[in-house]
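Labels run A, B, C, D and E following the written order; every chain starts at residue 1.
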Amino acid sequence: MPLGIPAFLGTAISVILSFKLNQSYDRWWEARKIWGSIVNDSRTFVLQLQSFIYPVDQHSIRTISFRHIAWCHSLSRALRGKDGAAHLEEYLSEQDMLKIQKQNNKHLAILQLNTLHIAKLREEDKLNVFSHVQLNNTLVNFSNAMGMAERIKSTVFPVTYRYFLHLAIYLFIITLSISLRDIESYFEIPLLMVISAAFFLLEKTASHMENPFSDLPTDTAMTSICNTIEINLKQLLGEEKVPDVLTTDTFYIM
Amino acid sequence: MPLGIPAFLGTAISVILSFKLNQSYDRWWEARKIWGSIVNDSRTFVLQLQSFIYPVDQHSIRTISFRHIAWCHSLSRALRGKDGAAHLEEYLSEQDMLKIQKQNNKHLAILQLNTLHIAKLREEDKLNVFSHVQLNNTLVNFSNAMGMAERIKSTVFPVTYRYFLHLAIYLFIITLSISLRDIESYFEIPLLMVISAAFFLLEKTASHMENPFSDLPTDTAMTSICNTIEINLKQLLGEEKVPDVLTTDTFYIM
Amino acid sequence: MPLGIPAFLGTAISVILSFKLNQSYDRWWEARKIWGSIVNDSRTFVLQLQSFIYPVDQHSIRTISFRHIAWCHSLSRALRGKDGAAHLEEYLSEQDMLKIQKQNNKHLAILQLNTLHIAKLREEDKLNVFSHVQLNNTLVNFSNAMGMAERIKSTVFPVTYRYFLHLAIYLFIITLSISLRDIESYFEIPLLMVISAAFFLLEKTASHMENPFSDLPTDTAMTSICNTIEINLKQLLGEEKVPDVLTTDTFYIM
Amino acid sequence: MPLGIPAFLGTAISVILSFKLNQSYDRWWEARKIWGSIVNDSRTFVLQLQSFIYPVDQHSIRTISFRHIAWCHSLSRALRGKDGAAHLEEYLSEQDMLKIQKQNNKHLAILQLNTLHIAKLREEDKLNVFSHVQLNNTLVNFSNAMGMAERIKSTVFPVTYRYFLHLAIYLFIITLSISLRDIESYFEIPLLMVISAAFFLLEKTASHMENPFSDLPTDTAMTSICNTIEINLKQLLGEEKVPDVLTTDTFYIM
Amino acid sequence: MPLGIPAFLGTAISVILSFKLNQSYDRWWEARKIWGSIVNDSRTFVLQLQSFIYPVDQHSIRTISFRHIAWCHSLSRALRGKDGAAHLEEYLSEQDMLKIQKQNNKHLAILQLNTLHIAKLREEDKLNVFSHVQLNNTLVNFSNAMGMAERIKSTVFPVTYRYFLHLAIYLFIITLSISLRDIESYFEIPLLMVISAAFFLLEKTASHMENPFSDLPTDTAMTSICNTIEINLKQLLGEEKVPDVLTTDTFYIM
């Protein structure tokens, strides 16, 4: 068989693979951006509570901020397919824990608690109407970030591309090996193995990055991000006890 | 015929196909994003009603929220080319049902009902002016999402690309088969079939993804999303009767 | 001449063509998005007028809405290079018609009339300050959409790419025909014709899509969109006489 | 030398060139969008002044609008590396001219004058607080557009790509000419010249588009845009003397 | 070995390299945009302070503006991995210096000081509620820009692509050198060296641009940008002593 056929197949694979890499990377980067915006809005949220609530009500600020930390942890766990209500006793009151058990979507329930708490502050006139609207915008951002992460989690990338790529790579290897029959075999075997390994590796990386909330090494580093949020928020609140910065022995940060 | 001609044709096909895949994917992903933003704004909408209406008016909150669920179902049905006013008795009063019959665009009519209801709450002073403006922004988001989905639905992707691709693929198969006359035919036939099948499959996938509101398997999963919205909203409202999470026996979620 | 030269030229053409297709498509799709946002904002505009003006002033709402329909038609005509002040008697008072004659930019003049009318409603206290600001935001959106469409209309796509593509396609055909001298001529002629036709067709499509406001079949369907806006707005206003949905005998919708 | 080497080089050049074309086009298009948004916001600015200042103060509206026209001309000149304070006597008072001499960044100084003028109108209660905030948003848009244009102007595109492309094109020409030794030379020479000329032309176009504020033919047409803004604003103000639409004898519009 | 294999490898490298160049450029350009928005918002911030604080309180405006300049320098240093609290005595009071020592994230601490200072101005009624909300929006922009820069800094680009590219380039060189055995060696050696050098150079450039906050020549020019901000802000404040424009003897601006 002339070498043109595997060469052409290789070009086709490169082009389609490039398309897939781009889309996977976009999903992965969008996931990272969503969590980046959660970090930003979380800090903004505490700064707004501190600057809008008047007369100052440290107890409410602390309760709402801790509930927000719970929201981050809950969302992070839910996206990884774990129980969104676990390990939240540190941040939530018992009463809150009971309320969120009633809803399927735990992090939405926590967000509702904070929204209603802030509405109560407004009723008690500790917030003026404009500050209420402003805080509400920050809550809307949390709702959007939450929904965007769920969208990425729940939308399956069309599988046709994956099947096409697998088929094309197999075909490429087969036709290439037939074309190379004339070359000395002690050279041909490692070459084929390396090229096919490289293609499958790239395809695998793309497939993993497509699902940035799947408890894999290429995952968005949500545990580490939630840790950063917790440290930042507690230091903004002037808390004494702050968790350590998450360090890791392994290569990837989760 | 030298093998260079089909090889070149194959490269040209790959490049143009890659362009088409990108655009189709963008349309499909934009469609998914639009419905994702509808999910987010729907939750925000109920949270805002609960936190802005004062003194609390549970009846109005419930009526508006149910009308909003009707809006989601109606938009979903209209985008799939079905009657947008069907199966809404569960969520709308008889009076509302009569009113929306008068307009061509059923979901726009439902949105108008909610907008006017909220304006009435403002007149009755159950909403302050700022909350009114804030809720209005959420309604503007619904109007935008609705219009964006209609835009994707109604804008035909230029057909020239499709014709070019079909022509090029046929030409590719013909020239390739002429070039391969010298190879043993028991190998040539399946190779040709597999490559041409792969190209047509990819082109077909792209064409389907271009129209993400067409009642096809690659469709945006609007029925499932509307179900999620209904569950989330009813649980936020504290309703007892909540529909089950939509499960499916088939591979694709509609 | 070896076949490698036309093959290489073909690849170069595909890559540059792909770049041009992407940019043209982006312009075309942006033009469509601009008109999509005009549809959304037009509906929002009427809903806001109905929900903000208090006590209700049906006459003003109707006048402003009809003037807005005139703005859509005028913008659509101006973008197609026709007189922006023609056929507007149905929607504008005689007084308005006189005023817009004084300005070069007819649709900007209509927008100014609506802006000042709404400011007058504010002075008469039929609008509170917040609603005024909110309506003003919608007017800003119209001003932006208008300017964005004018930008696409007035910015010429760099012509170098077009010259390069034409040159490369001609060169490709010439070198290919020289390379194919050895093949039987009854096969070579149609092959060359089909490939060159396909390239020129693609290039032509791209060039047309670059200018989405040029009264061509690939044009943005502005007449149809203005018709939709007119129907939607009149039904939201409860008007009896509503124009028919635009149907077309020809393939393309203008 | 086998033809495969220049062919491969040609493909590599096409791919990298395509990357460079995309980025250059994006910079050029972003520059055009920035000036498009300045057009939109300028019109909005005058409409807002006319609808927000109450009781109407024609003198202030005129002074601020003319100062804004001066800002456009000043920014346009500064981006082209000329003196930002020249030829502004027509639009600015002598007092203003003196003030802007003290700052390095002339257009920023003009923007500060307008911001403080509007703050003075607020103090004199000719603007309510909400309109003040709204006008401030428009001023923020001007500040952003200004900064974005300066960013494009001051950020050098990484030169590595350019060196790579030049090197690769030279290498391509050399290897191609060696490979083509066998072909009759009266055909080889023009072919080489045309292909290399085409590549260098494309690379040149990309390099020019990278710097859209450099007083070159591919420049953003800032003089023409400022002229449009001046005409639009003066007609909105009802001025008698309006400059002519800029026509040009040369191919490109500056 | 036939030349087709290295040629195919070269094409695959070009395509994957093109993907990597695009993503790296996007990260680099996003980093530049973030700092561009910091420039814009910094100017806006001072203009807003000057136009919103009433009665005018020059001392507060100066303190907040200088603290903001400190924030810029601190963020710039922290992103380059240096101590974010160094060299700030010029801009911050001793009291402020003590407060920021308590937090890990120095620039976040500075932002908190400004947020609380502005909240105090609101309490003292030197700011009305709307201006407070408006200034708060500008502070939210700073918080977002800060978080976005930290995101780019902390997110590692997937290393698989890099490994693939290195492997493929090595393989390409090896197979190419085997294929070229027949050509005279005095030509083969420099050709191989130039092509491989070009590929590694491009890959290196991409890798550097991926990390735009790493104290490298391709770094975002943060020192120069902070200098510009300092000059602009001090001139807007009417300060006598303004730092010189940063000039540089070396090729790159840091």
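Rule of thumb we're sticking to: contacts are C-beta pairs under 8 Å (C-beta built on N, C-alpha and C of every residue); 3 or more make two chains touch, one makes a residue touch a chain.
By chain, with names taken from UniProt: A, B, C, D, E = Bestrophin family protein.
The structure displayed is predicted, hence computed values, not measured ones.
Annotation of subunit A and subunit D: jointly contacted by E, touch as defined at the top. Work out the mean CA point of subunit A and of subunit C, and you get 37 Å between them.
Annotation: 23 Å between the Cα-based centres of subunit A and subunit B. Residues of subunit B in contact with two or more other chains: 4, 7, 11, 15, 18, 22, 130, 133.
One ring covers every chain here, and the order obtained by setting off from subunit B toward subunit C is B, C, D, E, A.
Of all residues in subunit E, those touching subunit A in their complex are 1-2, 4-5, 7-9, 11-12, 15-16, 18-19, 22-23, 102-105, 108-109, 111-112, 115-116, 118-119, 122-123, 129-130, 132-133, 136, 139-140, 143-144, 146-148, 150-151, 155, 158, 160-161, 164, 167-168, 171, 175. Partner subunit A is touched in their complex by these residues of subunit B: 3-4, 6-7, 10-11, 13-15, 17-18, 21-22, 25, 28, 32-33, 36-37, 39-40, 43-44, 47-48, 50-52, 54, 128, 130-131, 133-134, 179, 183, 187, 191, 194-195, 198, 201-202, 205, 209, 218, 231-232, 235-236, 245.
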